[in-house]
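In what follows, structures are represented as structure tokens.
You will see subunit A twice below: alongside subunit B first, and alongside subunit C after that.
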Partner chain A sequence: MKRQTTIFLLLLPFLAVTGIVLVSIWNVLVQSLGYIPAFGLTKPTLDYYIQVFSRADFLSAVWVSVRIALWSAVFSVCLGVLLAMALIKCRKTRGGMLYAVRLPILVPHAVVAVFVIQILSQTGLAARFAHALGFLEDYSAFPQLLFTPSYLGTILAYLWKEIPFVAYFVLAFMSSISDTLGEAAENLGASSLRSFWEVTLPLSVPVISRAGLIIFIFAFGGYELPLLLGSTLPKALSVQTYLVYMSPDLLQRPLAMAMNGVVLLLSAGMALAYSMVIYRLNRKVGGVK
Partner chain B sequence: MKLVIENLNAGYDADVVLQDLSLSVEAGEFLSLLGPSGCGKSTLLKTIAGIVPAAKGSVFLDGQDITHLPIHKRGTTVLFQDIRLFPHRSVVENVAFPLKMQGVPKGERLHRAEELLEKVQLAGYGNRRPSELSGGQQQRVALARALAAKPKLLLLDEPFSALDENLREDMRTLVLQLKEEFHMTVILVTHDREEALSMSDRVALMFEGSLIQCSTPRQVYSHPASRQAADYFGNCVYIPGKVEGGRFTASGICFETDAADGSYDLMLRPGCLDTETEGEYPVQVERVSFRGSDLQVSFRASDGTLWKKTCPAGADWRPGDRMKAGLQIGEPVLFLRNY
Partner chain C sequence: MKKNLLMKAVLAVTLFCIFLPMGVVLLWSITERWPWPGLLPESYSLRTVKELLFGSAKLPQLLCSSIFLALTVALLGTAIGILTARATELYHFPGKKLVHLASFLPLLVPGTVFAMGIQITLIRLGLSDTISGVVIVHLIAAVPYCITIMTDVTRAVGDKLEQQAMVLGADPLRAFFQVTVPSLLPGILSSMSMGFILSYSQYFTTLMVGGGRIKTIALVLVPYIQSGDRALSAVYSVAFVGSALAVFFVFETVIHVYQKRGESR
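Moving on to the complex of A and B:
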């Protein structure tokens, strides 16, 4: 009896958080179907979902968010893996260098946005250095990287945070592969680079893809960076949804919830696709989890 | 290929493991590095392979200085204790891996890999994944893969220690067969005394990063260079005595020697105690242990020395039996007593 109570108490925080998430998801789904008795909406309908997909600003917002998520994930993974490889080759997988790598992960996204504005805006540090060194005649000649429809500033901010995240996420696993199987490959005639390409990298794909998917889903639903560094139009999905949600017209609430419902379904679809890919990869690499 | 190591120092960061170690291995020779855990034998092997960098000294393979060459350019291949097959490749792809690194076309390398699998009695296993094989089969695949690299020097890092006794014996036989067939120079790291003595042309005994003795198995066992070397093989008996005027004398033992005057311990192995013929050395049976194929009989001599001798399983010894045994001293080994 005491043992069961202990288990229950230990699980309580997890159950509480899961409960809040499930209740929120339930609320989103119910309200997205137009059922909000407090606003006099009592008849469930799919009209709001139909309305969502017929809005040009929503579709362009989806496209913006997919583009931000995709580029952030792809470049973070590529550069993060290269950083991890460099750390492994320099045998800097512990100690001070690892703390330096971890530092950007700890910085909040809003602070990262401020850094990026300070450095990359047309009056930022990069522009000033370029001007001081004579590369630019005027600050305004510095390319416009922030607040553009390409969302380059947002993607760069994500890269600043997520490249170290990928490196840190995959480092321990890649290091253990490199120290054993990578060493075996070199011992059999593979150069250091070839050993990485033939052995360490393929065996690390499940872990790398896990890191990539976490970044993709996070950047897809991320709010602060697209809001602070993105353009006025088109908006990112999270920003667009929030604006509709905060509309003074409360009857817009089911529409905002339908948008959230779409985000939810897309995220769930990605998680499912990820599980299937990981399952197949794990089978292919002989059970390396 | 002849290996020459000169004044080698190596270790991990500030921890120096090997100290001024010199060793030479002839082409086609089978040398075992024997010693207790932590004595530096695996570090020596990894330094030869380039996995652990040499801090000082030189390693020459076939006259070429390979001390600072990268691992993949050395022409040495290690067979690791933990096997290290690539789990994402099939068995035949594993064996073909070194050939792929050498640029051998796919068809040819797979054909040669299949041939090597036949050599290690694993024909037909090529399409399996390493995880579908037993430990012994995995180790044979690793051996085939090492052979595919055509190493100038094959380095075996306790490759049989994780296998059970029967498989271990099979692997030893297979390695010796393939060593002859491929005319390889082989260095085996082991802490299994029997394995080192039975497989090697020479045994190099290591303690605390230094080479204590390097000689033929018989020489190392029968004429250990130091008391430490003698004790490593265990089961030796020390009989205290004195050398005076070129003569060693102890209780019931006397022989001529070149040793200088002083107090010595005469080292004898259990085989020196001859219980088949009557002699001048009184002993009493203290304990008899049946071990299946033989008996271990403990004899207590009148001077208190305890002898543990292996006798045929059918021998009729009982605790309390007394006899006067003979002592076949052969070439005596004396260690100066400094206590």
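Moving on to the complex of A and C:
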């Protein structure tokens, strides 16, 4: 009995935190079904979801956010793994180099937006260098990279922060695999590239895909970067949703919550896809044993 | 050999991409005029910096309150991390897997969705527009990382030494604080760093739950970026990153001093 009490007490703060998240999810779902007694809405209905999907601005916002999240996740995973590999091969898995790689993780997103503007805007440093080297006459000739519907600036800002994040996230695991099983493969005659490709990388898939999942969901729901570096139209999903949420017309509230509900469903879908990958992988590795 | 050269090039490009923007922002923060198409500023001045430090903007106070808020979140998050890790690593109970899964839950709910969902509950509880409300929502963002870090360290440290201390007559609390906490310390500090930075860089949740009444440096910086004021946003950015680095420096020094002391014993 006493042991059970101890376990319960140890878990109590964690349960409180989980409870708060569940309450929030519950609120989103209930309000998205149009149940907000305070506003005189008491009849649950799926109307708001139907309405949301018939809105062009919502559909384009979903598309914008999915694209931002997908590109950010794919490129930061690929380049982050490359960076981790470079750190391992050059034996720089601790010390100064690692501190440098950790720096972007510590820089807040809003500051990264400042970086991107100062370097990639039409009068930014990149354009100035292009001018100095004689590639362009005037700043208006520099391609518009920021504030465009392509959301390139937003994606680049995410990459600046998330590539080092992926490298840092997978480094410990990958370097332990590389130092043991990878070395073994090389001793048995595999080339360094082959031992990476056929031993270290496949075994690191769980931790790599977890990093990818975290980034996808974060970039999918991220607010500051699309707000500061994106176009006015189409907006990213989070920006669009907040706009509807803050609308003075309180009857828009369930609509905003339906949009949030779609975000939750998509995030849950991604998490499910991730766990299926892991499950299949575990079975495969188990089969090898 | 050729491959290592390639890998070295990857590292060099990485360093360049990391430090170039930082240098540019540093330069912008002391720039008076930097017209197109100059590669370097035309004239420098410390006017903006001075005005923010000593003027009506009260940057030092803003930094102190933001740091205080973030440290509170870091401390609470780490405490939750330690307790949860002890439960899952040192005890056996049904539903342990569920706890592991649930600890990732906040990562699966985007911050914007979470903030809009929890607001009505916080209003009902009278926590909206208060520091406590902001601490709670920041904590949700920090806890998954704190738990992951503390779980790894707790698994490595175990409780054998703590048991020994208790066998030798120490009461459980003393055994925990004098035997286990010191070995957990590196993990505790890296969990604090993560919690600190997650709270320090929150924007949306602070805006939503703080209702504009709770001001942090992230909240003040964003409007300057939106208005396109490069000099002011540069100074705020430098202050933002600089103060975060200062806090990390303190954390790292604590670990370093502690490990030195451990060696000399």
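Here, the second predicted complex is superposed on the first by the 273 of 289 C-alpha atoms of A that agree within 3 Å, B and C clash if a C-alpha of one lies under 4 Å from a C-alpha of the other, contacts with A are read in each partner's own complex, and residues count from 1 in each chain.
Definition applied: a residue touches a chain if its C-beta (ideal position, glycine included) is under 8 Å from a C-beta of that chain, and two chains touch if they have at least 3 such contacts.
The shown structure was predicted, so the numbers you read here are calculated from the model rather than taken from an experiment.
Q: In the overlaid three-chain picture, which partner chain does A:K92 touch, first (subunit B) or second (subunit C), both, or neither?
A: Only subunit C; A:K92 stays clear of subunit B.
Q: Report for A:G134: first if it touches subunit B alone, second if subunit C alone, otherwise both or neither.
A: Once the two structures are laid over each other on A, A:G134 reaches no partner at all.
Q: Is A:K284 touching anything from subunit B or subunit C once the two structures are fitted on A? First, second, both or neither.
A: The first partner, subunit B, only.
Q: Who touches more of subunit A, subunit B or subunit C?
A: Looking at subunit A, the partner in contact with more of its residues is C.
Q: So, A:P248: does it touch subunit B (first), subunit C (second), both, or neither?
A: Neither partner.
Q: Just checking: does A:V199 make contact with subunit B only, subunit C only, both, or neither of them? Give me first, second, both or neither.
A: first
Q: I'd like to know which partner A:P37 touches here: subunit B for first, subunit C for second, both or neither.
A: neither
Q: Once the structures are superposed on A, label A:A184 by its partner contacts, choosing first (subunit B), second (subunit C), both or neither.
A: Only subunit B is touched by A:A184; subunit C is not.
Q: Overlap the subunit B and subunit C contact sets on subunit A and report the shared residues.
A: After superposing on chain A, subunit A residues 192 contact both subunit B and subunit C.
Q: Sort out for me which residues of subunit A touch subunit B in the complex.
A: 180-181, 183-192, 194-195, 198-199, 202-203, 284-288
Q: Which subunit A residues qualify as touching subunit C in the complex?
A: Residue list for subunit A touching subunit C: 3-4, 6-7, 10-14, 17-18, 20-28, 31, 82-83, 85-87, 89-90, 92, 97, 100-101, 103-111, 113-119, 123, 125, 127-129, 131-132, 139, 160, 163-164, 192-193, 214, 217-218, 220-224, 227-228, 238, 241-242, 245, 256-257, 260, 263-264, 267-268, 271.
Q: For the complex, which residues does subunit C have touching subunit A?
A: 3-4, 7-8, 10-11, 14-15, 17-22, 24-25, 28, 36-39, 79-80, 83-84, 86-87, 91, 93, 99, 102-103, 105-114, 116-118, 120-121, 136, 139-140, 143, 147, 193, 197, 200-201, 203-204, 218, 221-222, 225-226, 230, 233-234, 237, 240-241, 244-245, 248
Q: Could you pull out which subunit B residues touch subunit A in their complex?
A: 49, 51, 70-72, 76-78, 80, 82, 84, 86-88, 97-98, 100-102, 129-131, 145-146, 148-149
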